[in-house]
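Have a look at this one before I ask anything.
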Amino acid sequence: MEKIISNTTNLLKNPLLITKASFNKNYIKNHLFRFYSLLSVLLLGFILLMILFFIGKTGILVFKEVSLADFFFSLNWEPYEDHYGAGVFILGTLALTTLTFLIAVPISLVMAIFSAEIAPIWLRNLVRPILDLLVGIPSIVYGYLGITILVPFIREVTGTSIGEGLLAAAIVLTIMVLPTITRISDDAISAVSQDFREASYALGSTRLQMIFKVLLPAAKQGIITGVILGMARAIGETMAVVMVIGNTAILPANLYSPTSVLTSNIVMEILNVQYDSTWNYALYMMAFLLLLISLVLIFIIRKLRVKGV
Amino acid sequence: MKKLTLLVLSFALLFGYSFGVQESTASAKTLSGKIVVAGSSALLPLTQQAAKEFKKTNHKVSISVSGSSSIAGPQSVLKGSATIGASDWDATKPVPGFKAFEGLVAHKIAVIPFATIVHKDNKVKNLTTKQLQDIYTGKIKNWKDVGGDDQEIVVVTRSVGSGTRVNYIEKALNGVDINDKSSNVVKAGKSGEMVTKVQENKYAIGYVDLPYVKGNIKAVDFNGVAATVENIKNGKYGIWGYGYLLTKGQPKAADKAFIEFIQSAKFQKNTAAKLKFIPLSEMK
Amino acid sequence: MRESLFHQHRKKNTLALIGDKVWTALFWAGSLLIIFLIGCLLFLILGKGLKLMTLDFLIDLPDEIEAGGGIGPFLFNSIYVLVLSLSIAIPMGIGAGIYLAEYAPRNRFTELVRTCVEGLASVPSIVIGLFGYVLFVEYFDVGLTVLGASISLAILNLPILTRVTEEAISMVPQELREASLALGATKAQTIVRVVLPSALNGILTGISLTACRAFGESAVILLAGGSSTSGFMWDFNLLSQGGTLPVHLWYIQSEALVEDAKEIADKSAAVMVLTILFLSFIIRLPIWIRERRFNR
């Protein structure tokens, strides 16, 4: 802030400082900068295309041996017997993502609103770094705590003999995406102009009314971004999920019996297959599918957003 | 503009690439070479320790050791991205699920003992081949059918392609494949994870390399024979396999020296034994 | 009997006030519960590891046989790979964020690009790892390297940085830009000297989030960087194997036979948490310093 003011006052003091030479230089610099930022953004798009190309190129080979309908709708995954039905994994991924969404989003929003509006400053200054810490804890640690603490706990509560499954995975994922959603929403809520709050209070609303009717709508954009990034992480999370989901290629009977999702199956099997086998291609296709699911989700959310705003 | 990006990217990569080539040719001249070991992660403790000790006497050899899976070892050697592949089975011969790799030479480097494991509190002490087959194919689902508590058996297994699984099916289950699509089956990614899962579940059964058996898990007798190193040496206990290093054709120069170093009596007696592999010389 | 307008209003108001109190209490309770759980989690991780921690552990070479090995090369690689990947991702991510927030015209092309960025942000880490593997191991044939790990990690970070930068920049009030432009600054000057500094808070949050996440990432590194290191300290060679601390932790938990494997795992986890604490502190330092100067 201070720097901006000093810069602008400098310009104010010497408006005639802008000579022709420096104008030209500035002109070039101005365009170079624009070019640079355009280049960065194009590179990003290019990387996505490259990823789609490289993964898709290998994945598409699976359809030489397996029919489209079989791959997407068959629930029979027995690669060593030439059955390549990825239906279980696709359904598993969708179910796990939905369940995580239902648990994680309300909790994260409560935390975000609390830390942005309700918590006293000292607590806020404590909560934010702690959440950052959570982001950086390696997924393996979460997975390990998942098997040693969470799964036995679920076994105890539900009385089943296994305990690994969608519920355990969703809870682990919730802890993992909580900081992402919370931090970004928190920033978005804090960034809402103070005028809004004051105007709302002046009209006689309570803090709660102000939060729900003024702050949240105003910060909607940022909150959606946080949720997207969080769910993206949940869909793609591998190392923690693989430890608590059970990895059995069957549809689960309930929330706490073993099943499998796309990521966990890829990481379980990718190292164990021969490079030029249909099995390997099928795993690449699953990775490609994971990409497509994420892209479609993003697309849907973007459409919703355009309508909503 | 995309072209430019591509150009910049490829330059950056080219730089890295040429750097790598220079290095390997430079080291080849000094007759030291570069060894790249890839493959089985179960053999990783052995190969990694061997690399560390080998480097002490051969300063100019650069060794890179990585572990992914038994099947990746022979494949990387054939592709040329590794000079030595590590595998838990003899990849020059076909095993259930995988064909033989042609053009490779296998070198035995150690004996890996395996064991059937259960939780320490489980009452079951002994399981026969038949019982194990029935448990792993899903015919027996309750511990009371094999002399334990009236509780559902939770079967923990490894995924297809795991060296431990290949050996276990061959030696303990007599070639009967594991049914891993039953609702009482859970899959573990690696041996350590298998141990954790069995430790945490009183009614789980699994299989690992013998050295992992400690703490809250115990090894079950197999057909009445205890899973001990002694019983393997005298031929009574049958669940074990050789660990192999594979090379494309006969190994040369540094690769040869490295394999011979691992097979040497000194390394086998000291290091391999300390890592709880069984030295080759002690098998009859 | 009809209540007067005043009474109606008052009744509604009291209800709202009670609702407000109740909800506030709920927010407090919910959040404190979560904070408590997080605290337990951190205590669990740090408590187990810190008891046994020594300085040697951080710089010693790992040992496969004897207990008492360290994590030196892995810790070094972690930091090395992180710095490399951030030095690729930060300039580009911020550049792309600036373009989207400041330059991008409202048209189809921009929509496409924005979808690409969000799409890239949602690419699962395992897919990026596979991509890194295909690109560096199969296509360029350099094997598992620090270089491959860094670039793959940068790809993971890029879209998140871009998104957060864009978000932070679009939060900067329009008046600031207009004032700067009116004073004769070019657009580039306005962005670099006015917009970026005011958006710094948000951008640093983004960098700190990505840095912490990248530090703990394992799937990408495992596939593109490998599970080992060159085996000695201070190895800056870009083509050495790029195993980092999280991957080592994975290895220790899944394969290692060494006696004190569990201890090493506990200590490594604690080291990681501490490093992340340190990282987010360092990255946030500029904000705090600025705030203090400003407040004075």
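Letters A, B and C mark the chains as written, and numbering starts fresh at 1 in each.
Basically, a contact is a pair of C-beta atoms (placed from the backbone, for glycine too) under 8 Å apart; a residue touches a chain by one contact, two chains touch by 3 or more.
Listed by chain with UniProt protein names: A = Phosphate transport system permease protein; B = Phosphate-binding protein; C = Phosphate transport system permease protein PstA.
Keep in mind it's a predicted model, so treat the numbers as computed, not measured.
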Which of A-B and A-C has more C-beta pairs touching across its chains: A-C
Most widely separated chain from subunit A, with each centre as the mean of CA atoms: B
Subunit A and subunit B (Phosphate-binding protein), separation of their C-alpha mean positions in angstrom: 35
Distance from the mean Cα position of subunit C to that of subunit A, given in whole angstrom: 12
Subunit C: positions in contact with at least two other chains: 253
Junction residues of subunit B (Phosphate-binding protein) - those touching two or more other chains: 68, 189, 193, 196
Subunit A: positions in contact with at least two other chains: 38-39, 42-43, 144, 267
In the complex, subunit A residues that touch subunit C: 1-4, 7-8, 11-12, 15, 18, 26-27, 29-30, 32-34, 36-45, 47-48, 50-51, 54-55, 58, 107, 110-111, 113-115, 118-119, 127, 129-141, 144-145, 175, 178-180, 183-184, 187-188, 191, 193, 204-209, 221-222, 225, 228-229, 231-232, 235-239, 263, 266-267, 270, 284, 287, 290-291, 294-295, 297-299, 302
Subunit B (Phosphate-binding protein)-touching residues of subunit A, taken from the complex the two chains share: 38-39, 42-43, 46, 78-80, 144, 147-148, 151-152, 155, 161-164, 242-243, 246-250, 253, 257-258, 267-269, 271-275
Touching residues on subunit C, where the partner in the complex is subunit B (Phosphate-binding protein): 61, 64-65, 137, 140-145, 147, 226-228, 230-231, 238-241, 243, 251-258, 261
Residue numbers on subunit B (Phosphate-binding protein) that touch subunit A, as the complex places them: 1-2, 4-6, 68-72, 75, 79, 97-98, 151-152, 154, 159-162, 180-189, 193, 196-197, 200-201, 203
Contact set on subunit B (Phosphate-binding protein) toward subunit C in their complex: 13, 16-17, 19-20, 23, 36, 41-42, 44-46, 48-49, 51-52, 55, 62-68, 81, 189-193, 196, 211-212, 271, 274-276
